[in-house]
Amino acid sequence: MGGRESTLVLLDEKGIRCDGRKVDEPRRIMIKAGGLKNADGSAYIEFGDNKILVGVYGPRDVHPKHMSNTDTGILRVRYHMEPFSVSERKNPAPSRREIEISKVIKEALLPAVMLEKFPRTAVDVFIEVLQADGGSRCAALSAASVALADAGIPMRDLVASCAAGKVADTIVLDVNNEEDQAGQADMPVGYMPQLKKITLLQLDGVLSPEEFKKCVETGVKGCEIVYELQKKALTDKYFQNRGDQ
Amino acid sequence: MTTTVIDDLRRSQILELLDQGKRIDGRALDEPRKLTVEVDAIPKANGSARVRLGDTEVICGVKIQPDRPFPDMGDKGIFICTAELLPLSHPSVETGPPNPDVIELARVVDRGIRESHMVDVSQLVIEKNKSVVGVFADIVVVDYDGNLFDACSYAATAALLTSKMPKWEMKDDVPTLVEGIELDLPTTTIPVSITMAKIGNHIVVDPNSDEWDSMDSRITITTDPDGNIVAMQKGGNDGFTIDEIIKCGDLSIKVGAQIRENLKQASKGS
Amino acid sequence: MGGRESTLVLLDEKGIRCDGRKVDEPRRIMIKAGGLKNADGSAYIEFGDNKILVGVYGPRDVHPKHMSNTDTGILRVRYHMEPFSVSERKNPAPSRREIEISKVIKEALLPAVMLEKFPRTAVDVFIEVLQADGGSRCAALSAASVALADAGIPMRDLVASCAAGKVADTIVLDVNNEEDQAGQADMPVGYMPQLKKITLLQLDGVLSPEEFKKCVETGVKGCEIVYELQKKALTDKYFQNRGDQ
Amino acid sequence: MTTTVIDDLRRSQILELLDQGKRIDGRALDEPRKLTVEVDAIPKANGSARVRLGDTEVICGVKIQPDRPFPDMGDKGIFICTAELLPLSHPSVETGPPNPDVIELARVVDRGIRESHMVDVSQLVIEKNKSVVGVFADIVVVDYDGNLFDACSYAATAALLTSKMPKWEMKDDVPTLVEGIELDLPTTTIPVSITMAKIGNHIVVDPNSDEWDSMDSRITITTDPDGNIVAMQKGGNDGFTIDEIIKCGDLSIKVGAQIRENLKQASKGS
Amino acid sequence: MGGRESTLVLLDEKGIRCDGRKVDEPRRIMIKAGGLKNADGSAYIEFGDNKILVGVYGPRDVHPKHMSNTDTGILRVRYHMEPFSVSERKNPAPSRREIEISKVIKEALLPAVMLEKFPRTAVDVFIEVLQADGGSRCAALSAASVALADAGIPMRDLVASCAAGKVADTIVLDVNNEEDQAGQADMPVGYMPQLKKITLLQLDGVLSPEEFKKCVETGVKGCEIVYELQKKALTDKYFQNRGDQ
Amino acid sequence: MTTTVIDDLRRSQILELLDQGKRIDGRALDEPRKLTVEVDAIPKANGSARVRLGDTEVICGVKIQPDRPFPDMGDKGIFICTAELLPLSHPSVETGPPNPDVIELARVVDRGIRESHMVDVSQLVIEKNKSVVGVFADIVVVDYDGNLFDACSYAATAALLTSKMPKWEMKDDVPTLVEGIELDLPTTTIPVSITMAKIGNHIVVDPNSDEWDSMDSRITITTDPDGNIVAMQKGGNDGFTIDEIIKCGDLSIKVGAQIRENLKQASKGS
């Protein structure tokens, strides 16, 4: 993206990161429940420079029928990036990366969604990445949880998500784009704070067993921060601004 | 694929109101819905706009990057406009390759802008026959309430009007970014598309989704600031009389002028 | 295609166009009804250098069933160009242009075809462009009408089609390839002469409101010329050469 | 996917006639249907032919244009032959990607011509390793009445025999048309494919669609003017005895010679 | 693959071929029945440098249903090459060549398989070319027959397959890769020795009528050699090593 | 798409045994199945391995050939790992484009090897920015009995460890093979992936297909010889507690060390 120094200082002597944050400080996060007219539920998140819109439809009929399950509902998730969301224009065809992230997010949401209440139906979660930055899958997962709740889908807990990582030999919260490029490890974490369950976990990088432990714990702490913002977004819509619906 | 009783009832109600000179949402027949244009909605893109036309909402992001020229077009840059209905925009939208409706949408929006010569592609050459600048205006539909032709066209136009273009120079036969220089994308005019639906014997401007589902036929006409007609597309399952077509031409110039002011205002000072 | 002068005179001082025609004169048109053995109806048109074959099947069953309509028949149109039909060999995959033209021609035919008489069935119109020249969609639409009539599909009217345009600041009938490349506007028109309805209308170019009006009227006049040839083609097959069937 | 009573009846009738030495359309067993060849049917193509074999009708257009050579084949031009069943040719044809039958058809027709070395690809080099001439023979089926293998092969052969080739020279590393020069496409021989069906114990030449649907197995044999066999493809759901195969080889040479004369005549003076 | 002489002697004065074989001698052939756990039947063949694995499933239900036949079973064959099976890495998408060979092998097997015993069902034959050499379709067909027998599918005969060809003006058995590249003709033959029927036959090259006759006969002799090895493979599995099942 | 009574019964049985500390096939909870590695199974490939992990069997073939570098990566060669479930490996496998499960499989195996920096891509440059060496490790599944992640990873690792690399030099701007030279593919480490399933409250290593179908969730952790964790992927429809994750990390290091010895032995002297 031009003009950036190659001698980027990832962590200075005062423990301040390249974007001015402390090691345990997430980027700016803004979550909004609702927003779309047609979708049954929706949410919008800005997480650092990520801008992600999520729409939920369902429970609704499944076509073709043989894809449905007589015992339970099914969850379908599509994570999709707009052509203009990244530095170099993205080819509109779904990439293998998007297909994998769709699956990982689906499996992160499944433990939270009470699909058994809606046999034979589907709940569709459509995630649209309008602008991508480091940690977009975490931002997407966090917004998807809010959109599902906004659609009135019964849930055991919200799934909150945030990454931790290793930068300049230090475990830090919420790795940004520059840190991811130049850093040593990136670990996205998805977590249900009430049920104390990790539902998304990936890692690229190199961590010793001690660092690994610290990284998981740091990620979970980030999730707890996000969780409060998710609850606030839903409260804002359903209790503060009731007339707005 | 079957017309439902509800569809029939809605059409009857819309027709009844039109016979009294009224529309289902209270607008005059030649009145477009409220247009809101937020430019620079996607800061990392070279240009962008989020447009609401009534409850239809679309986002256009423009990416500008070096590309190879088309054969025999070595002295011209590339302009391409695409459109996609995101599945969150309406329960009936399916993922997968674009259907003919969406292909027509993208091509009509592209043609309206292209035929107006809005983007001055002659200024988008890095090295003749070797490397040119490509301008990609990708539009996504986020919420659907009818008349995507105009909403998408306005979003693309506003995004292009506010696009900033980096500079490249050839270095070792490779187009290389020149740091610190950003110019406005060279544009020459502001085309405006106006879509009109024929319902019974009535012509209405900017049909919403209820009107869209009830119409007999439609026409999209794009005009330029000099009052010329630069592109047109008839659609729908019925026809128009010659007089109706002439009337639509006049309407598109009149209503187009209002929309053009709106787009100009929104793009100022970005 | 080589050897052509770049200083083409589109319209000379006597009002004669680059191919020798007058401003209101169409190119050579030859329409033939029938010709294919297997198709339920067919037609062949030569319009300038266009050579287009149309075959119609139906009314026939729809597969898959859920594509059919219990209230009315459906019309399906495929406009398809052979790889050898254009200067540079065309990739066999259907282009976006072909898909759009298929849709535009379908919507131009729909007002003419009495599909309500054939609920649950489909009528298929297959248009094959063997050799393409300017105005191929108009030629295709005109031939498709004849092929539908040849198939015995009940119709309210034939759809006739011809383009008008602006060349050398003058409104002319039936823009040819050279005029389209170098000209100022091209407006394909489809028209039902009995019902006086325009069912196809597109425009690329720049026209003042007055030119626009004149262009529509010129196109409609061209459609009326084509209409006579369509009727003649059907008469030739069904009344002159009865034994030929 | 189920054999109907009609299918069974037709096969019985065909077999009964064959046992009397007769065919359903009155031909002798070794007699191909009437072959009509109209060359130059598509004047804008570099070569073309419209062929009727009985009621089977196909069109081949040849396009000749500069192309990149295949890797390790820098001293040879490119010859590619494709085939497509147009949906207007038969009610059962579906649009979409080619099915295995059509892929086999195209490959067998291509192989017959390629293995005969009809097109002299060594003469199709513009600049070795950089640019060669590509010859594309695209065949479309317009009306179907069985035995596409031969109809398509004859159309491609006649189109190639009458193809005119422009001339290109390298200029600034780009193949550039030399105006005003057109030569015959360099061809060396005239291959002829003959398809035979086995129905019961009978071998018939050039099966029509009724025979095609009733056959046990088939074989397509391509021969050259010297009486050599240059390509072969067995198909269908049953087998042949060795003697039957040898007999088919002899038939293909004998009948092929008649067809070759026909193709030569049609291509003359074009 | 480099280092090979371009002045390859295909046949020396003693009638010995470039790989040391006599004109009527096939390459090394090893056939094994069974081997896969999940497949209903399987076989593995090494034929020269060909290494091919075949798995058979069925008779089993057909999806979608309308592909099935109420009168008889259907046979489906997929011939597939691994990306690493050839000199230059093969693109994973199925090539037109693979589709044609699948069809040719299917039609070579059909006369042998008693599908009429299993109406409405399908038998699937999956051929995987792990390493390709000259004559891979013959090797594949021979192994497929054994795999079908191993699956317990009732058969009229085994189909054995071997190529003949013309090299240095001589008809030879079992053309190898080098001979195919430099040779004059290659003719794959598939044959049912009990029923004396040729079920696969192709030819690339130039043969006089006499050579043609000799070539067919030579190929059939090769098939008879392969046939013995096929029977041995099945005997080895079902009679020698009974406990192994 | 419906859980059958059999599925429920199997899960009950597996859970009951696990509560007694036992597995359905008699293994200890932290015990992987028998691993057999046959290297050089495909002699014509540049490297290959056939791996059995219990009754799961996979084959990896490595092809090494010149390629163009990725943009902005002109000083690095290319490493790509793919995976495919062959239809003969299990009755439920369908042919056609890969489904999300297979895409995840390939990406997780690729990532484990890539993030360990096993293949030293900096040594795979023929000419900077112009031509590099591409290493393609293509894995096919031949027999399925659960835990493809590990079986595929081991096959790729063993194939890479034993791969021989030809040498190319630029000649006339084209990468040209230098005859007679073959070196070992430059590798720096041996990553080992360990997949663990959570069934009820139990964690088991290397789940077989019965366990795979009965599990609540799974995690694949790749470690290097220094005892570091280099890649990880959680999957399945339920979650893990923090303690369970930490335990899985420890298990992956311990069991991974055994497997690494196994892979080293198998790759020796090839």
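As written, the chains take the letters A, B, C, D, E and F, and residue 1 is the first residue of each chain.
Convention: a contact is a pair of C-beta atoms (placed from the backbone, for glycine too) under 8 Å apart; a residue touches a chain by one contact, two chains touch by 3 or more.
Keep in mind that this is a model prediction, so the values were computed, not measured.
Looking at subunit D and subunit E, not one chain touches each of them. The fewest steps needed to get from subunit A to subunit B, moving only between touching chains, is 1. Distance between Cα centroids is largest for the pairing of subunit E with B. Chain centres here are means of the Cα atoms, and by that rule the chain farthest away from subunit C is F. Residue-numbered contact pairs of D-E overlap by over half with those of A-F, the repeat interface among A-B, A-F or E-F.
Here the spacing of subunit D and subunit F, counted between their Cα centres, is 48 Å. Averaging C-alpha coordinates per chain places the centre of subunit A 58 Å away from that of subunit D. Taking each chain's centre as the mean of its C-alpha atoms, subunit C lies 32 Å from subunit D. For subunit E, no residue reaches two or more other chains under the stated contact definition. In subunit F, no residue reaches two or more other chains under the touch definition.
Taken as a contact graph, with one node per protein chain and an edge wherever two chains touch, the assembly forms a single closed ring in which every chain touches exactly two others.
Chains in contact form a single ring whose order, set by starting at subunit D and proceeding to subunit E, is D, E, F, A, B, C. Of all residues in subunit C, only 66-71, 74, 96-97, 99-100, 102-104, 107, 110-111, 187, 192, 195-209, 212-213, 216-217, 220 touch subunit B in the complex they form.
Residues 2-3, 36-39, 42, 49, 51, 53-55, 57, 60, 78, 80, 82-89, 92, 124, 126, 128, 130-131 of subunit C are the ones that touch subunit D when the two sit in their complex. Residues of subunit F that touch subunit A in their complex: 1-3, 100-101, 103-104, 106-107, 111, 115, 217, 219, 224, 227-242, 245-246, 249-250, 253. Interface of subunit B with subunit A (complex): residues 41-45, 48, 55, 57, 59, 61-63, 65, 82, 84, 86-91, 95, 136, 138, 140, 142-145, 166, 177, 179-180.
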